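Below are two complexes that have subunit A in common, paired first with subunit B and then with subunit C.
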Partner chain A sequence: MEFGPHFFLASLEGAVNAAVLALMAVGLSIVFGIMRVVNVAHGEFFMLGAVIAWWISTLAGGHPAVGFLFALIAAPLIVGAIAAAADHFVLRRINYDPERTIVATIGLLYVLQQTTLMTFGPEARPVEAPFNKRLALPWFEKTADGFSMYWPWGLSTTSYKLAVIAAAVIILIGLWLFMTRSRIGLIMRATQLDREMALAHGIPVDKVYALVFGLGAGIAALAAVLIVPIQQAHYLMGHDPLLLSFIVVIIGGLGSIPGTIVAAIFIGMSDGIISVFFSPTVAKIIATLLVAFVLIFRPQGLFGKRSA
Partner chain B sequence: MSDQKKSPLNVTRRTALKTLAAGAGGVAAAGLLPGLGGYSQLHSAEPIKIGFQVHRTGIGAAYGRWYDRTTQACVEKINAAGGINGRMIEIVAEDDGTDPKRGAEVVEKFASQHNCDVSFGTLFSHVVYGSAPRAGELKMPYFVVSEGHHVASGALNRYTLQPGITDVKSQVEAMAPFIAENLGKKVTMIFPDFAFGHDHRDYFSAAFEAKGGTILEKIAIPPTETSFTKYFPKIPRDTEVIYHVMVGPAVLTFVKEMGEFFGPSKPEIFGFIDSLEAVDIASPGLEFLEGTYFWEGNPRYVQEEQSEFDKAYREAVGVDENGASVSDAKDVSTYAHMFGCWETLHIIKRGMEAADYKGPDDRTKLIEAVEAMSDMPHSMEHPQGAKRFNGKTHQTFGHQYISKVTDGKLVLAHTTSIEDTLYEDEVDYTQQSF
Partner chain C sequence: MKDQLLTGVFHLLIIALMAGLYFILPEYHSGVLARVMVLAVYAMGYNILFGYTGLLSLGHALFFATGMYGLGLAMQHLDVTPSIGILCGLGAAVVVSAVIGFLALRTTGVAFMIVTLMFAQAGYLIILWLGEYTRGDEGFVIQQSQRVLNGVDLSQPDNRYFAALILFAISLLLIGWVVRSGFGKTLVAIRENEERARMLGYNVHRHKWLAVIISGVLAGAAGAAYALLFGYVGATFATVQYSIFPLLYVLLGGAGTTIGPLIGTVFMYYLIDLSSQITSAYLLIAGVALILLTLFAPQGLAGELRKRVFRWLP
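Let's look at the complex of A and B:
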């Protein structure tokens, strides 16, 4: 494939990556920003979302869109409820102590992963996309009489992949409005700024924490439902997105939502493009190297505020 | 049976007499001597323990599930017919997580913890590579069902054998002429980036170039990859035939994205069924495969000229005429590979009978007995077809099947002869000491 169309295809693939990564990482970032909890089990909430989407879509039957739409609503709610319960029964009991929450969420990771293995099984299972039309894409080339359009071999995407990108954008805008315009968002931000003061003003911080932890997990589950018709549900699928999310959150600045989104787009796109032109391993190496440089030269992340 | 019942009584009486006569010193002797006397008789009633290294989790899980079912069905059949040398087979299954390091630990457990007579069953070639050296050190016969060329290449040891399934090198040598004559001369290969895929890369390209073809591009994909579109632009425009073989949990995504990439203007496609093992050919998004070809180790769908052996084998394992589980039509088997477990277990049985196998001391006799085997006729023991075992290279050779996707099913288009699959020996394991 020539460079132009090849690059275009790589960018499209990268954009799908970036969309899912942005959602996933924002979930991680909200939890850290408000609760100061490094949630190592975040990837497993993503995996649970995909597995539950498979389960719902097989129960629903009929047109694939019916099961998918139902999964899109139910899976994040179920996963959010599981996460809120985990917050209530585990994280609250250890007083959100930073070291202990890391160990606790590692434990949670294995509990969720192995429970899925024992019930759902080790297979990868597909979820049918509600719609999936192949769209051939044109490219332009310069000929003697100006630019002309042609249809390069293999330059295509699917309607569903474009829909994933659009859905991610809509969800992120919705989330931003929720955090900045709604009363619950205000309470969350107040808790983030000063936990003691929020408590003094009668904000039920425990409930806010459960809600935030559930929200973070729910967003990860939502990202998984979006990607599962492209990738399939598998009990180990949470690992890679978790790693990338941490990379994104560190680069963007822990707890900064705009920083997270910018970094997700950057890492997602570059992962797609570098994988296409070089190799997926090189893409991971570069992303990890970038994290190292950010940690050395700007430890608070690109958009993070230096803590006092 | 009466002998066996009598001997423990004798032992007890003699032990008691000696203990009384000789006192404390006698206890040790009594414990030892009757122990030796009763050993062979007691042992003959004990089961033969076969350590089964199974991919229950990890990227090989779908294969592991069906290898397990085939193994259980086969053991049930052999035991119902009287077992091996009058002893029942007991399968000791351990999950290796499709991981080479864990694989070596599992072999170790078979030897030191479970006291298995032999070990058996591994599929993924990197696990075989990880486990075989340990099996050799422990002097534990290791019967793999893997397809990799690692056994016949001489890279492993005298304790590792592959008598129940053919290897990649022989498979691709038999495929190369078919592709060159029927599909095209310019091939792009897509394969998983580990030992098994490298066997495809090296041996197919050599065999295909010998037939006058050219390999335009070799695209390696990590077996844990989950999205594939980013690899396809590397396919050169003038490719006439795509040769694909993929493994891992994301095989369905791989084939689907390949279809989406090509759209209506696809080249000829020849795949190894590995790319769709345990996946329904009629899955949405795979319609573009209609008219393409697949190598099959054993035809998944019941063919017009089904042998009585295939029929009985299918029934024993619980596979329907579409290659899925009889209890769940969505649970598609790994039909092209799992027959290897069935055939290997029968070879272990014949080997143990020929060697008059009594226990772990006879392990080398067992290996020599298997090395002495050669032609194996198409039978209930070999439902996939006749085999020719090469005792020097520890590798079996057999018929290969090429099927065409027709109306969403795999229909047999060509069967190769055993001669098509032969190549020169690269090793003589019988010259190595035990």
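Let's look at the complex of A and C:
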């Protein structure tokens, strides 16, 4: 393939990456923004979402769309409930002390991951996409008599991949409406601004925290259900998305949701594109070092504003 | 002064106990204990930073791996003797910990944890990337014929045990001396109240930096010793998991106690060893232990002992 179509294909793969990454990272960002909690177990909630999707789709049988639809609804709810329980029984008891929380969520990471290994097993298992039509894409070429359209071999995507991108956009818009227009969103933002004052106004902060932690985990699970027909479910699949969403949240400015989305698109696209043309290891080395240096020299993130 | 003496005597007793154990225990357990002592040195280095200075690093595997690869690569590709190899490992650890410390200490709290995590991850990826020399995940073996230090064959179980013990003894005495010195007390002051230490005129940044370097060099020494004594160098030792282990050992044993890292390493090593015979998901134990410790015993075993029984425990 020539450079043009190849680059177009790489950007399409990058866009799917970016869509899922944006969801993951927004989940992490909401939890950090409102609760000031760094959730190291976030990747495992993502993994659980994928595993539950596999489980439901094998139970449901019939047309793959039936199981998938069930999974789309049930997996985020189940994972959200697990996360809310973890918040209630562990994080609340250590008073969200930043360092102890990180240690506890590292513990949670191992518990979730290893329990999955014991029950689900070490194999990677596929989930069938509800629809998966291969779409060939055209490319334009400049010839002697102006532009002409042709169909390069290998330049194609699937209807499902496009649907993932669309779904992520819809979910993010819905989330934004939920945070800015609904009463619960208002309460969450109030808690974020001033925990003590919210408490004084009779907001049940404990419940809000459990809800936020569950919501963050649920979004990660939703992202996983969307990606699992492309990627397969595996008990270690949470590791890379966790690292990438950390990178995104930090570069986008800790706790800033618009910044997180911009950074997710930037990182997801460039990760997809760089991995096609260069070695993925180099891409990861650059990304991790970038995060470290952003935190050292520009702690408010590349897109964030310096807070007082 | 009395403090110094008491600490010294206590540590000598521990060392004598470890030496005595070799003659009592069956071969399998003395083999395990040699490994545990090397890992305990790693945890002791970690403890200087976490337990005494109050800085939680999630990237100590980088320092361990630096010592390990500093020695391993020099011996593998430059054919140096083990003593030069050890110097290479320690030298690399000094340089890496000084640079990382200088950069990472510009941040505090959660940012410090993430920065150290990211540097360690970058280090791990660089080891994979340079697979031509490091052989990546697969790692490489240091031949038995190379592992002879001043005529002592370190691949023999008895030599190995006492080499590990010597490293452990030096580290323990050194740490006992450091934490009882003015420098160590200043570190504790920084842990307890950084602003106050600064107000009192201490150069907080320099103290923290030195703590990172001491901690990194001990971790590097443990890494180099691990490579030399057990003859294997691999990228596994640079993964996040190996950054979590010293944290786990120190939390379990008791942060901010000199003996805690050893206790924690012994317990955790046997716990994981036993559970890995039952299931492949042995890390579950590590996860449960981390959660339970943060919930119920943030002081660890030695910390609880100090709180309840032995007030004098260093």
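The rule we apply is simple: the second predicted complex is superposed on the first by the 298 of 308 C-alpha atoms of A that agree within 3 Å, B and C clash if a C-alpha of one lies under 4 Å from a C-alpha of the other, contacts with A are read in each partner's own complex, and residues count from 1 in each chain.
In this text, a contact is a pair of C-beta atoms (placed from the backbone, for glycine too) under 8 Å apart; a residue touches a chain by one contact, two chains touch by 3 or more.
Quantities reported herein were computed from a predicted structural model and do not represent experimental measurements.
Colleague: Could you tell me whether subunit B and subunit C fit or clash when both sit on subunit A in the superposition?
Modeller: Pair status: fit.
Colleague: Of the partners subunit B and subunit C, which touch A:282 in the superposed model: first, second, both, neither?
Modeller: Touch status of A:282: second partner only.
Colleague: In the superposed arrangement, does A:9 touch subunit B (first), subunit C (second), both or neither?
Modeller: It touches subunit B, and subunit C stays clear.
Colleague: How wide is the angle at the Cα centre of subunit A, looking out to the Cα centres of subunit B and subunit C, in steps of 10 degrees?
Modeller: Result: 60 degrees, to the nearest ten.
Colleague: Output check: A:117 vs subunit B and subunit C. Expected answer is one of first, second, both, neither. What do you get?
Modeller: Both subunit B and subunit C are touched by A:117.
Colleague: Just to be sure I read the superposition right, which of the two partners does A:104 touch: subunit B = first, subunit C = second, or both, or neither?
Modeller: second
Colleague: Please work out how little space separates the C-alpha atoms of subunit B and subunit C at their nearest point after superposition, in whole Å.
Modeller: Checking C-alpha atoms only, subunit B sits 5 Å from subunit C at its nearest point.
Colleague: If you lay the two complexes on top of each other, which residues of subunit A touch subunit B in one and subunit C in the other?
Modeller: In subunit A, residues 117, 122, 281 are touched by subunit B and also by subunit C.
Colleague: In their shared complex, at which residues does subunit C touch subunit A?
Modeller: 56, 58, 103-104, 106-107, 109-111, 113-115, 118-119, 121-122, 125-126, 128-129, 244, 247, 251, 279-284, 286-291, 293-295, 298
Colleague: In the complex formed with subunit A, which residues of subunit B make contact?
Modeller: 56-58, 61-62, 64-65, 222, 225-227, 229-235, 237, 249-250, 252-253, 260-263, 265, 278, 283-285
Colleague: Could you list, by residue number, the parts of subunit A that touch subunit B in their complex?
Modeller: These residues of subunit A touch subunit B: 1, 5-6, 9-10, 13, 17, 64, 117, 121-124, 126, 128, 132, 134, 136, 153-154, 156, 158, 230-232, 234, 236-237, 240, 272, 275-276, 280-281.
Colleague: Given the complex with subunit C, which residues does subunit A contribute to the contact?
Modeller: Subunit A reaches subunit C through residues 38, 90, 93-94, 98-100, 102-104, 106-115, 117-118, 122, 243, 246, 250, 279, 281-282, 284-285, 288-289, 291-292, 295-297, 299.
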